[in-house]
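Think of it as A, B, C and D in the order they're written, each chain with its own count starting at 1.
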Amino acid sequence: MSEQEKKEDVRIGIFVCHCGSNIGGLIDCKALAEYAKTLPNVAHAEDNLFTCSETGLASIKKAVEEHDLNRVVVASCTPRTHEPLFRECISEVGLNRYLFNFVNIRDQCTWVHMKYPKEAYEKAKDLIRMGAYRAVILEPLDTIIVNVNPGALVIGGGVAGMHAALNLSRQGFKTYLIEKEDKLGGRLNSLYKLFPHDIDASEFVENIKNNVQNAQNLEVYTSSKLKNIKGFIGNYEVEVEQDGKKINLSVGAIIVAVGASLLKPNNLFGYDGKNRITQHELEPKIKNNEINANNIVMIQCVGSRNDERQYCSSVCCMTALKNALIIKEKKSDINITILFRDLYTPGIDYEEYYKKARKKGVLFIRYGLDKEPTVEGNQIKVYNEYIGEEIIIPYDLLVLSTPLIANDDNKELAQILKVPLEVNNFFLEAHVKLRPNDFATDGIYIGGSAKWPVDITESITQGYAAASRASTILSHETIEIEGATAYLPEWNKNLCKGCEVCINICPYNAIKKNEEDEIEIIEALCKGCGVCGAACTKKAIIIKHFTNEQILAEIYAFGGK
Amino acid sequence: MEEASKRALVIGGGIAGIQASLDLADMGIHVDLIEKKPCIGGKMAQLDKTFPTNDCSICILAPKLSECYRNLNITLYSYSEVQKVEGIVGNFSVEILKHARYVKEDLCINCGLCVEKCPMRVEDEFDRQLRKRRAIYMYYLQGVPAIMTIDKKNCLWFTKEACRICEKNCEKEAIDFNQKDELIKINNIGSIIVATGYNLIEDIDNDILKNYGYQKYRNVVTALEFERMLSASGPQEGHIKRISDGEEPKKIAYLQCIGSRTDRGAKYCSSICCMYTTKEAMIAHEHDNELESYIFYIDMRAGGKGFQSFLRRGEAEYDIKYIKSKIAEISIDKNESPIIVYEDLDTSEIKKLKVDIVVLATCIIPPEGIVKLAEVIGFELDDYNFIKTPPFSPVKTSRDGIFTCGCVHEPMDIPRSVAEGSSAAARAAEIIRGG
Amino acid sequence: MSVINFKLRNQVIKHNASLSYCYQCSTCSGGCPVALLTQGKYNPRKIIEMAILGLQNKLIKEPNSSIWLCSTCQKCVELCPQKVELTEIFTLLKNKIFEDGKVPEAFLLQGQAILDSGIAIPYSKAIISRREKLGLPEIKTAPIKEIKLLLKETNFENKILKGSK
Amino acid sequence: MSYDIFLGCVIPARLPFLEASGRKVFEKLGIKLNDIEGFSCCPDPTGIEQIDHKTWLTMGARNLSLSKRGNGSIISFCSGCVETLKGVNYFMNKDNKVKDEINKILKKIGKNYDGKTNVKHFAEVLYENLNKVKENIVKPLEGFKVAIHYGCHYLRPSEIINWDDPFDPITIDEIIKTLGAESIDYDLKMECCGNPVEKSDMDLSLLMIDNKFKSIQQSGANCVALVCPACFQQFDFKQRELNKKNNSNYKIPIFYLSELVALAFGYKPEELGLKFHRVQPKTLLESLQFSAKI
């Protein structure tokens, strides 16, 4: 039995954070700290305006030293964003990082009980007491150190994927780029010119493809699909299928850059693929000088920004402007009308581009979602809210701007990689704001339109960004991973009856049977989610850092008062 | 060719520069991070919450600030500016001017005693002049590094050779009036990332805000000022009050495109205002669920992830009224309540709307000092003095080995700034690793 | 229901390119003193949109067009974020109405006076004597023959006649 | 210093007393005004220009071509004339095609206009000679609480007028203050007086000036100063009409800027023909110890 379990040796420090007014604005943090002092084994308690600030961290360290603390409890926001910081902090003053307990009194207390300050205060007291009782029996744990394979897999050979792969290979990492089509380039292959500089798409894409072909450390597999994946951060075993044959690759990190697809506007605005076409179908016509219309009407947000598909696809306005401008440049007396809802041209170049389209005489008419244009024969009727009446526009070519949508096979890929999708089936990043190119799963990264519709410039940015994130792993020979894992201790092995429930239930494939037919947990793969421990009928599996005793201590602390 | 050295220089400690620094440091590349202000954090540190998740801004930023401070691969030079850049891609040497804080960094423990005793009251820049600070001060509460700074321009000792009360009260003897600005030279820099952020149009003298009565009418504030008013650690401690009389507002109007998308100011779109305005209206509504919000816009630009749903939520759950109309001018009534005249497009009627506060979504402009920095480093600027980047090389400048990220080259939101920070790090790493 | 008329639209743009930059933000209508007092009966933004769409019937053919309510105070011109020259565009449209012979009478009367005497207000006997009393010099205005010639050249004379019918 | 004086139509033929004060002021300042033979209507930017731009340009260019003595410098007491003449300059100099077209017509009467005649509003010249104005003051206008009405065409379109701030002007305020009077701010200071819409909607025109009067009355001003004969008529003539229509009781004395300058220069009200104002300024002047004899 470790020493820490003897209560007389346990000295807990409790830090109650105001989180500005997020917590302090609703409940009395000073009083909470005073309350904390009355709890058993608590040697010190204080409140801070922001415990996570450098000042707050300094006061934790100071208190650990002054009061000889060996457990630290912070009652504040959420472990999701702040646990690593506090763990790091106490380890800097010599405490094992797992002797820290996080009590969530913001997300799970003041935020959800905003309208009940009194009750929230009482709940915060309960939560702190529970946290303190659990802290008493926390145990020090070691982190797990694993080797890193300095290779990367990039899935998707479009503009984002190619840039990610190029960057990683130039950084010196062995990089594999797989593309499901028979050639690299993605949607760039089907475009004519690229906004906002009207650069020739084929020239641009050929140039990148050349760079990819000539790059050292970079292997390309076209007509290839990811079939299976095993392993964990730093050590992935990847199975790729190319033309029916299997290829096995070993990499340390994976980048998802599979791009997006275009919506086919079947049943929308009389789409017929002839004189009612999509922007995408318009491009080759412009390229081959096949436009023989005098009145062109473009409709924006076809199939997007509605109840079915709420989002703005963000590239269609610029695409329409580009195609309108190119047509106008070729033949200035063609009348082009763009029916839009909100013109999306943020930033410097795009707004300038919009203005250029106006300068060239493109006509813009706004419509509302509740009053969509209607196509009647060779004319379009649209309610013009600016003058409050319906307007008739004759047309001989109707062009529909349809949004980028998630690829059909995103679900399949997400399952293989065990990463989440959002409601529109785009991939879901770890944090919309601050981790835009990470997945919650370490070692797998995301860039480009696979995550959300973006234009080429931003695809490139994100390709590089994902490469950067991958490089933060690949640059190390070894990395530390979470020590709070599931664990089958020697002394519990006799309890295990080999029922394999844990193997079947583990979402990370972290449990298997070894040659002796015994359950073995691969700690590096385990995320400590706890389902195996909960499912184990014989209670053989222990979840480190969330042992039954620790959880029961919390429960008793709550009910036992 | 000489082997490229293992250092990178990042100029600007806002979220873009921080992300670039952290990525490079995590790749094992040493980073020298230069910040002009006394603390890193940039504009994001001044925000209350961030769209579209409405995360508390400083709460999600603070761990990153700490990481920058603690990471052994990052040397942080706060209150410092780049003076000179020599050399070529793969091997630059840089001279940095580190301004004297008149506080010994290794001794100050940010106990605050000096601040308490300082007799001077000075407009607080971080709080957008809505509050007073002292002549010795922490740049902001959660600032990193957590060290005091003496503002020489306002300190009685430097202006009148009197006082020195801070010195007498500092238990750590950290005050040092004899401290001098320091020139620091760093060699072996493989690549430089410029991330000096942005300013806002109210920061420079201009006519554009005059029509809206800004600085004439006390209840007309800019969005960043309002952000400070919302913030728990801001001048109103998280209770929104009218500046004129301290009353809680019941109606707030938000005006978009102030100084942007116009031939009379900046022609470009400031990119972020549509979203942050909705966010501010939501947060204000959370302070008081009877509060009415009106957003006056030209085009609602919400292309980012989750943005459209965010607007829908604003309308449905936070009672935000979106009105397509740009406001010509503002007047006030006897209570200093702003009066807005606008056209209701649905009816063509010209309506008057009296509100308690007007919030102006002012235009992002290039950061102060960018012209000088461009000369020092030798990269090109565009017509507006944003850093010029070539087509489809979003983080590259015109000079080899110099990269950029964040708003210093184009107005953008936080996710894109973060992605660009990583992106610039990737490009710099290519060079440093000889790729 | 009106049909877009690209011909008129392009004519106006050719005359004043600033029309195409209007993005209907309604700064003009919100800032217009007449729009406020007429509750939008006169609405500069709406007239501009009609010009953008080239709605001939509403702009030119309609008698008692609200366009004549513009006070030419030029506030909209100064406010417009896109520097659309509204007053000039309105002038062009009003000129077209004049060609069509449909201007308010007061304008015709002023035109007639100019046609008759070269000045908008003829000198009455009373005024001439008042001028003398005030010690003011006698005014020698333009030779009417010269003005008549000019107004024939600009076709002003014909248009006045057409309007007076 | 000398200018060719362009009187236009309204001032000499309807409000000659405004001309009287103007001439006196400039005489006192030693700025010579040359009378030129043969000017026509400017023509009116709110009238003729609105119905025929080309005619407006042609007649305006003819007028401008006549100014030779004052080195091609015209001064006018009327904001409308100034706008027309500056406007014609603007359009002719902006586009050579316009200049050629107009000169082709002018050729028929043996004239040509090079686009080089300089045009100034009299208030502009006063502001430029503010020191001289100051030197000539013998009777500062103490007690005059002046609601200034700049009038639209004195300021806008700023690209053509190219003088003072179109929304936040200072020049007339400065002149008023120099005279020793007080400039009183009022809510609708920058609003249009409504004169031009008289031609199409009299009620609207009355409503616009009525609002201005209300705002002026609230401000505590005891008189109005302005610089445009159209505005003058609107302000001076419409008070009685409004009183009749609305049972109001407006009696706000309206001064032309030149009249106030002349009073400060020591001219007697009777020399200036102030009696021809419809709203008699007599009571005000008496109360401020100015000669009662009007």
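Observations on the model:
Everything that follows uses one rule, which is that contacts are C-beta pairs under 8 Å (C-beta built on N, C-alpha and C of every residue); 3 or more make two chains touch, one makes a residue touch a chain.
Here the structure is a predicted model, which means the values were calculated and not measured.
Chains making contact with chain A as well as with chain B: C. The chains that touch chain C as well as chain D are B. Chain centres here are Cα averages; for chain A and chain D they lie 67 Å apart. Annotation: 49 Å between the Cα-based centres of chain B and chain C. Rounded to whole angstrom units, the spacing between the C-alpha centres of chain A and chain C is 60. For chain D, residues that reach two or more other chains under the stated contact definition are 167.
In chain C, 23, 45-46, 75 are the positions where the chain touches two or more neighbouring chains simultaneously. Across the assembly, chain B contributes residues 211, 261, 299, 329, 345, 348 that each touch 2 or more other chains. Arrangement of the chains shown, judged by which pairs touch: an irregular graph that fits none of the line, ring, star or complete shapes. Looking at which chains touch one another, you get A-B, A-C, B-C, B-D, C-D. Chain contact summary for the complex, chain D toward chain B: residues 167-168, 187.
Those residues of chain C whose C-beta lies close enough to touch chain D in the complex are 33-34, 37-38, 68-75, 77-78, 85, 87, 90-92, 94-95, 98, 103-104, 106-107, 110-111, 114, 118-124, 127, 130-131, 134-137, 139-143, 146-147, 149-151, 153-156, 159. Contact residues on chain B toward chain D in their complex (touch as defined above): 210-211, 329, 331.
On the chain B side of its complex with chain A, the touching residues are 15, 19, 23, 26-28, 50, 52-53, 55-56, 58-67, 69-70, 109-110, 141-146, 231-233, 237-238, 261, 267-269, 271, 286, 299-309, 312, 345-346, 348, 382, 384, 386, 391-395, 410-412, 414-416, 418-427, 429-430, 433-435. Put simply, chain C touches chain B in their complex at residues 23, 25-32, 35-36, 39-40, 43, 45-46, 75, 79, 81-83.
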